[in-house]
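Heads up, there are several structures right after this.
Look for chain A in each of the two complexes below; its partner is chain B in the first and chain C in the second.
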Partner chain A sequence: MSKGIWIVVEQRNAQIRKVSLELLSQARLIANETGDPLVAVVLGQNIQDLAQEVTSYGADKVILVDNEKLAEYTTGAYTSVLNKLIRKEEPNAVLIGNTAMGKDLAPRLAQRLGVGLASDCTGMEKDDANFLTFKRPIYGGKAFAQVATDAKPVMATIRPNTFPIAAPDAARQAEVVTEAAEIDQDDLRAILKDVIIATSERPELTEAEIIVSGGRAMKGPENFPMLEALADVVGGAVGASRAAVDAGWIDSKFQVGQTGKTVSPILYIACGISGAIQHLAGMSSSKVIVAINKDPEANIFNVADYGIVGDIFEIVPLLTEEIKKLVS
Partner chain B sequence: MNVITCYKIVPDDQDIIVRDDRTLGLEKAELEIGQYDLPAIEAGMQVVADAGGKVSALSVGPKLLENSKLKKGVLSRGPADLYLVVDDSLAEADTHQTARTLAAAIQKIGDADLVLCGEGSSDLYAQQVGPQLGELLGMANINAVSKITVEGDKVIVERTLEDEVEVLEVSLPAVISVTTDIVQPRIPSMKEVLSAGKKPVTQWSLADIGLADNPQTMETINTLAPELAERKQIIIEGDSEEAVNELWENLRQELQ
Partner chain C sequence: MNIIVVIKQTFDTEAKIAIGSDGQIDATGVSLVINPYDEFAIEEALRIQKKFGGEVTVVSCGGPRSQEAIRTALAMGCDKGVQIDETALESADEYVRAEVLAKAISEMPYDIILGGRIAVDDGSSQVAVRLAEALNIPSVSSVVKLDIENNVATATREIDGGTEIIEVPLPAVITAQKGLNEPRYPTMPGIMKARKKELKVVDPADLGVSGLSAKMKVQNYSLPTPRQGGKKVDGEPAEAARELARLLREEAKVL
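Here is the complex of A and B:
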């Protein structure tokens, strides 16, 4: 009896996060093999309209839990609701995006369910013995561990940009079920007071398809608009190495590397970044890496698909102009 | 305010060798305090500097925790005392086992108002132990915290999400996992290093904390270095317009 693969869909203000669609797309392929129904679980407020969207990405069934107390994510309420649903329906697997929410929710939920959790995974495969196995980076990306558990549900959080999003099928139909939210008062020990929205129009680093990153050779904060200009013509995000962050040139939320964000864009353009191992740990799974650096000996060239040895202050504006011409 | 900051002793990954068969050699790797844990210790020191109270440090792991340099390394960064749970079976502990051991130790220490963790360990980086501790201790847990302000029996925290910052009011006791940018960890002064040796250290066994049965929940099937991604390594010399055009032509083909 197949009990289903569940995707906990992350949404904010009824906008589904990209990683949830990536998970639906990949789990659809696995569900086709195992015969499990693919179930999208959506928690929030005023989320009825999302059922059609998650269906179009492959769900066989949609569970909606629509409640004002779920409008904003809180650990207690979300854990409580999902724990009760999972105990009732006993799915084979529960998959969540490795986002700020997923990283907070999944370990607490796994602990309450008494099962293990494979976190921050960059690979997922069907496995005859353990239903699914997962690959996850350890030692700052120096190695990958393959992990599994024989308990059910198998739980994992998957890093954004790991899997491609399949083309949606608007004609697809799914069973839509609305469940009541059972939230104990005790579950609301953290109260949201305020949300400060970052005003950036650029994509979020871990979700961006193109990233333009700057390092020590950027020389100062006054030069980062040059990278922003390049990022904007390609619809990309701006990143930075630890050296640039430590120098105070750019906020730490833009840091790519072992103590910053781990990214897997289609294109990573490293500008004036030497390529310290801690930086490579955060971006070495990028599909195409471009290095721009004056120093031909810089380590970044060893991991680059394309390198250009020269002055970033000449090359980056030229490249931006070149792309602008093409776009217009 | 009783603050307990948890930390892990890890191999310095710069010294980890990748062998020809893609397995890892950790023999030459020096042991150090996890780089995500140092900001958590410093954040604890800031909390008690503002609100009063004391910081205790806590770690669980194999016998190597007893290394006196590592113990001084932690205590020289400010904590008033140190608790260790030592058992060689913890060398390969998964997050569940680590969290259960930490939770049992925290309960034995008693009266914790605030438990602080780094956002993950710098070796396995599962980022699970903070939320697991919250569940096991029956406390609120908040991750990705970049600012903590104490207000009576509550803390106001800033939680950095992908594209926004949440301001949350959290009732104590609570488990908080902090980001590396919450505060710059100190470099201990000579005086701090010298006085660290005089601070109390309490060492327990698993039996001391009443943890006889502590099963693993995740099995590691193998650990291998990645096969090196084939990179094209096309290097263009010079910063002329021609060089940039050549780069862009290549990229256009890649992105099609």
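Here is the complex of A and C:
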């Protein structure tokens, strides 16, 4: 009996993160090839209802760990619980989304288990010698490394928006197991005092399907509503270049680039951004790139699928109107 | 307060990446810098030192050239440097580096360890967190604000769509995210002074670590197919905007 491919499902307030569904969908295809059961592991509080949802996206088995100490993600409690479960069940692979949670949890867990970890992968395939092999961008996407490990479990974090989400199958059935939350005392040293979620109607930058980004050409914070209007017509998020962030026009959490967020939306609209190498590092895995820039020689046009040479203060409002007409 | 900063020397972010005839990433002619996130860590260490006194030690696992990065950190104001000679390791990945760093650091006095959220070369976001685990101390990653009082650190950590506030007893590992501070530049007197500061080179064998080998193996490196510049949509602004919207919907099918 194969030991399974585990997906650590990330949820907040019983809402499953998109990347977890992307992972379930893709791992389902791989599990079909390797013959491993696909196991969704859900940690949290009041999460019983999520079993059906993860099953519909392809899980053969669901492990629920429902405990008040897991209501919010904390490094210690989650590492403790997962370490024990993994040691007990010995899965072949453990896959986690490369989110704020995944980036914090996966290295800690890998170190406790004494295994390797492929971080921020944008490709994952079955490998005869090593079970799985992963493709990961390095040097801000200027190169790729194909990596593998012969130890088990194979662990990886996968970049959001890498894999498509399959259509859910509501009729699918899975075995649902509830496990106790075993947390070591040492893992309770850090105390989560507060979680502050910025109330925003817009999707989170790293999982947005469409991003409208502004650069130095924005001139000031007062002009960002122009980008927000475009973002809102398409249900997208707003991003920025470092020039706009360093000028203090927008918070640094919106910075896209080598020292900001790495994003792979379906559509990235760069408004008044020159296309410096450090900016490209954060967005060159976008599926379609649009550039609006008044300089026809701007580097951004060398990577853009579509470009308009023009003034953003003229083009962006017009584009917003045109798209509004099309999508309504 | 004994403060340790773990830094990695990385390629300049402007660097062009080439693959050599041996199939490895070619570092010839590339200028090397301190990983940008580690500059935030150094700056924070110096601010903590200013408040509480004590010593700031920079530790880096790297080849001979990593001494330049350590010297720069010393020029910024750190007191001592330790280079763990990576060339003496059989192979290195995040696991091996964390193990070696942990061994070296466990022999030093430390109250807090600072590092970067991610190294911009291999982009793995692992080593500093793994180091905390190897030392069996708590960690808070991606920190944008840090306060220390009575041996407890209160850290504001960036999460997707918001922030968290976490309290940890020291010693702990903190990884720096942009926003934590504005790193200072080395000054001329700082650079002069740095030359005389202690920089110790440590052979991993002397740490009593042996038989460590990388868990993750690189099967090969490749370069992305360069993106091609696509269509420029011409015409009067109104016309161009209409045409772009149409192309995005009908041709690219992204709307």
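Everything that follows uses one rule, which is that the second predicted complex is superposed on the first by the 324 of 328 C-alpha atoms of A that agree within 3 Å, B and C clash if a C-alpha of one lies under 4 Å from a C-alpha of the other, contacts with A are read in each partner's own complex, and residues count from 1 in each chain.
Keep in mind that, in the parts below, a residue touches a chain if its C-beta (ideal position, glycine included) is under 8 Å from a C-beta of that chain, and two chains touch if they have at least 3 such contacts.
Keep in mind the model is a prediction, meaning the values are calculated, not measured.
S.K.: Label the relationship between chain B and chain C on chain A in the superposed model as either fit or clash.
M.R.: Overlaying the two complexes on chain A (C-alpha atoms) leaves chain C and chain B clashing.
S.K.: Contact-wise, after the overlay, does A:34 reach chain B, chain C, both or neither (first, second, both, neither)?
M.R.: Touch partners of A:34: none, neither chain B nor chain C.
S.K.: Would you check which partner chain A:104 touches, where first means chain B only, second means chain C only, and both and neither mean what they say?
M.R.: Both partners.
S.K.: With the two complexes superposed on chain A, say which partner A:151 touches: chain B (first), chain C (second), both, or neither.
M.R.: A:151: touches chain B and chain C.
S.K.: For A:327, decide between first (touching chain B), second (touching chain C), both and neither.
M.R.: Touch status of A:327: second partner only.
S.K.: Show me the chain A residues, by the header's touch rule, that chain B contacts in one structure and chain C contacts in the other.
M.R.: 72, 75-76, 79, 99-101, 103-104, 106-108, 110-112, 115-120, 133, 136-151, 189-198, 200, 204, 206-207, 252-253, 258-260, 266-267, 277, 284, 288-290, 296, 301-311, 314-315, 318-319, 322-323
S.K.: Within their complex, state which residues of chain B touch chain A.
M.R.: Contact set of chain B toward chain A: 11, 13-14, 16, 18, 22, 24, 35-36, 94-96, 99, 122-132, 134-136, 139-144, 156, 158-171, 174, 179-181, 216-226, 229, 231-241, 243-245, 247-248, 250-251, 254-255.
S.K.: Going by the contact rule at the top, pick out the chain A residues touching chain B in the complex.
M.R.: The contact residues of chain A facing chain B are 17, 72, 75-76, 79, 99-101, 103-108, 110-112, 115-120, 133, 136-151, 189-198, 200, 204, 206-207, 252-253, 258-260, 266-267, 277, 284-285, 288-290, 296, 301-311, 314-315, 318-319, 322-323.
S.K.: So in the complex, which bits of chain A are touching chain C?
M.R.: 72, 74-76, 79, 99-101, 103-104, 106-108, 110-112, 114-120, 133, 136-151, 186, 189-198, 200, 204, 206-207, 210, 234, 251-253, 255, 258-260, 262, 266-267, 277-278, 281, 284, 287-290, 296, 301-311, 314-315, 318-319, 321-323, 325-327
S.K.: Per the contact definition, I'd like the list of chain C residues that touch chain A in the complex.
M.R.: Contact set of chain C toward chain A: 11, 13-17, 19, 25, 36-37, 93-95, 98, 118, 120-127, 129-130, 132-134, 136, 138-142, 144, 154, 157-169, 172, 178-179, 214-224, 227, 229-233, 237-238, 240-242, 244-249, 252, 254-255.
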